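You will see two complexes here that share chain A, one where it goes with chain B and one where it goes with chain C.
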Partner chain A sequence: MEFVLDTLNYFSVLMLVVLGLVVIFGLMNVINMAHGEFILIGAYTVVAVTSAGGSFWLALVIGSLVAGLAGLLVELLVVRHIYTRFIDTILATWGVSLVLKQTVIVIFGPTGQSVQNPLPGVMNVFGVEYPRMRILIIGMAFGLTVVLYLALFSSRLGLKLRAVIANRDMASTLGLNTRRMDMASFSLGAGLAGFAGALMSPMISVDPQLGVGFLIPSFLSILLGGLNSLLGPILGVGAISGSTNLIAGWLSQADTQVIVFLLAILVIRLFPEGILKRRQK
Partner chain B sequence: MLEVRNLAAGYPSGGRVLDGLNLSVPAGAIVAVLGRNGMGKTTLMRTICGLLQTSGGTIKLDGEPVSELPPHTRAQLGIGYVPQGREVFESFTVSENLTVGRIAKKGLWPKIPPHLLELFPILAERAQQRAGSLSGGQQQQLAIARALAGEPRLLLLDEPAEGIQPSIVHEIAGKLREIVDTTGLTVLMAEQNFDMVDGTADSIAFIDHGLIAEEGVAADGIRSDKVRLAKYLSL
Partner chain C sequence: MKSKRRGLYATVAAWVALGILGLLFDGWLLSQMAIYFCYGMFAMGLSLIWGQAGILSFGQAIFFGAGAYGFALVTLNKIPGLGVSVAMGFVVAIVLATALAAVIASLTFAARGLSGAHFAIVTLCAAVVVETATTRSDYLGGYNGLFGIPPLSWNGTMIGDHALYYLMLSITLLAFLSVVAIIRSPYGTLLEAIRDNEHRVRHLGYVPHHLKSAAFILAGALSGLAGALFAAQFGFVSPSLLGFALSTQVLVWVAVGGRAVPMAAMLGALVVPGAENMLSNVLGDVWLLVIGVLFVAVVVAARGGVFGNLLRLPLPQRLRE
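Our next item is the complex of A and B:
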């Protein structure tokens, strides 16, 4: 049971990060290497707000907003000028990630920081004593993911967004402002990553490498699941978070990472376009 | 209604396809642009709807210059576009395709108007089917209905008869005529298929090497106009 909960915990947070990446890639064909740094911004905003005396819950909201705003700025200042040049976007967003990470180091220092747990103690879940904060993280991240998927697949705004992803030119000739959609999605994706970082900050050591630690499993999830549908990445995230937690039960964290990456490489070799590809026409 | 003056446009690589094109489309008429492949029909359509930038000249919709506006703004002003190859959203249902066409426009009630579905009963019948599973003729009807769902003033049709069996071409042509007669819609259609032009168009403009060589030619009796057919279509 604890394994299921641990997996769900990782799954739900990773899903928030991946969702932003997938929508940004689907919409703008941009592989956002700076996505991990929005997690960083969210987590460090919590550090800043709580150490200034603010509550964690306020910090959670501010962290998401600051990350969303940072995303909007990155879109306006960098991404919008180059999104027709695929390789350049990888380099440019990687550059942005270095700048953001170094800025965090300059302000907060290179060592890990901790955030006080706003919800200490454990609760009994199906016979297992499990930290209350972790249960909250699962609940909020999972709930938000479900809300986002519902919005994407059953709201009018979601339909417009999917239309732009499906055929950008056609959508614009029908009257959709694709540029505004880009900005909003990039900002929303960054805000989600910021929310993920802020939400889990009390459970981890908040350090400048946090972003990379999430970015790699996120990309692996996407590679595994494929980018052609929005359901693929969910399976990818499930596979990555499940196998990571399963192997972590026996081995050290470093060994786990190595094995998960090797497994992912193997699967990607067998299904180069994602595990869902074979079922599509 | 649509006034195109001295229009120059082409591809970002620099090749100019249209150079000094002039064309007028009167309100409530169906004008067909005929010409051989590669003469600039699709470029003209894509330039009017804004997917290609103009490098010179003007496009006016009811007197209002639109040539500098992005495609979505032109759509909001009333230009509807049905591209060559239809480009329906294949992974969406038929009903979602129509809804996108509707909600993409500001100030329209989101519900798909019933008269649109009465006009294209096959779409009502297959509302929940994936658009990609429709036949070519059905997809063409969907692409037209999707554009009409946004209630345009001017409808641009790029080779609507391409790859569609003759009986369906007649059916679509009849419906177009009916829509124009009942709503006052204006249609500019690029076409090579006489079955489409014959029953629907009011007049014909011949395009040749990026210029409108002749416009306002009556569509009646075009089939027997051996001189023009030989000159502009190599028939």
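Our next item is the complex of A and C:
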């Protein structure tokens, strides 16, 4: 049971991160290498707000908003100029990630910070004592995923978003403001990453290298699952988090990482669908 | 006509300036500058595949690190039966880097091949995998790396600072001339065509994945040589030499310098980390911030980079109207 909960926990955190990436990639066809740094912004906002005396829950809201705002700025200053140049978006967003990370280092210093756990203690789940904060993270991730998918499939805004994803030019001809949708989705994606970072900040050491650690597993999840259906990324996240926790049961963390990444590369090589398929349209 | 020659004059002037620099400095600073030539060669390898052939690799440090580790293993006598000679060290370094590049090329370019984005992310993962695996290997020294690589010597005496600087300058010049010769050859023109439209090149009867693999392997070999020279001067190799961080740093140097012009890429690799090293800790962090902004600006607005337009050589004779 504890294994299931641990897997669920990693799955949830990764899912929160991947949701933001999927929104941005699906709509704008931009591979956002700076995604990890929006996680960083969320986490460091919590550090700043709580050390200034604010409550964690307030910091959670502010963290998501600050990351969303940063996302909007990045979209306006960088991404909108190059979103038709696919490879350059990888590089430019990588540059943005360097800039954001370096800004955090200049402001907060290179060492790790910690955030006090707002929900200490354990609770009994199916006969296992499990930290309450982790339960909250799992609940939030599932709730948010459901909300996002409902919004995408049964609201007017979701309909418009899907129209732009399906055929950008046609949607634009029909009077949808695709520029505004781009801005909105980029800052929504960044805000989701910020929320993820803020939410998990009490469980981890908040340091400037935090974003990079999430970047590779989340991209592998997307490449594994493919983006042809909206279920793809969820499957990818499940595959990565499940295999990671499974192998971590009897090997060290470093060995686990090596094996999971190698397996993922192998699968991506054998089934290079997902991104490729959308690109060839 | 005169403006077309400008790049040639500027390139020659830059090499002369690098030669004069060796006379102005000595001691520690000069030996630091000699080490940066390794980064310069490494950057030219990336310029060959990225600037010329459009292959965006996030894992070039794998080959640099393989060269460094290969050289270290031989000179520390950790490979039985090969002896401890420096020459054998260079051979093993280059063979190891070339072989790794060949393996990665055959896995990624063959058949339909991976698209640009897939290739970038797969090479990124590969760099992380190699780095992590190295930290787990006792034979390779784990986290601490390998110490005590003997410095380069000639007939039993250590090579002095000035001699070492000019030795590195000459090797780098040779590497530069080789890369330029490849880029200006008909093969180089084909690589450029692949960068612009791989599909058309295929329909003209060429096999793009062979041409790309060859470029990738050549760049790998050059990176291996650079890594071996780095290990020989630095005296110490660690897992960070073949990982994620160095792989992405070299991308930044090359982009800021000018990706399509080897000389510009090389100067980027001398100036960016050089300045970072000279500045104090706080200023160094700010400098990295500035470089990050410059990198984004170059990618968005100025593909030529800072030095690219100045140092662009005139077209080869056969391509002129």
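The definition used in the following text is that the second predicted complex is superposed on the first by the 273 of 281 C-alpha atoms of A that agree within 3 Å, B and C clash if a C-alpha of one lies under 4 Å from a C-alpha of the other, contacts with A are read in each partner's own complex, and residues count from 1 in each chain.
The working rule: a contact is a pair of C-beta atoms (placed from the backbone, for glycine too) under 8 Å apart; a residue touches a chain by one contact, two chains touch by 3 or more.
The shown structure was predicted, so the numbers you read here are calculated from the model rather than taken from an experiment.
Using the contact criterion defined above for the overlaid structures, shared-chain residue A:R156 touches chain B, although it does not reach chain C.
Touch criterion met: A:F261 reaches chain C, while chain B stays clear of it. Touched residues of chain A, counted separately for chain B and chain C, are more numerous for C. Looking at the shared chain after the overlay, A:A166 reaches chain B, while chain C stays out of its contact range. In the superposition on chain A, A:L174 makes contact with chain B only, while chain C stays out of contact range.
Shared contact residues on chain A (touching chain B in one structure, chain C in the other): none found. Residues 31, 78, 81-82, 86-88, 90-92, 94-96, 98-99, 102-103, 105-106, 212, 216, 219-220, 223, 252, 254-255, 257-258, 261-262, 264-265, 268-269, 272, 275-276, 279 of chain A are the ones touching chain C in the complex. Against chain A, in their complex, chain C makes its touches with residues 54, 56, 107-108, 112, 114-118, 120-122, 124-126, 128-129, 132-133, 135-136, 244, 248, 251-252, 255, 285-286, 288-289, 291-293, 295-296, 299-301. Remark: chain A residues 156, 159-160, 162-163, 166-167, 169-179 touch chain B in the complex. Interface of chain B with chain A (complex): residues 49-51, 70-72, 74-76, 79, 81, 83, 87, 89-92, 96, 99-101, 103-106, 110, 146-147, 150.
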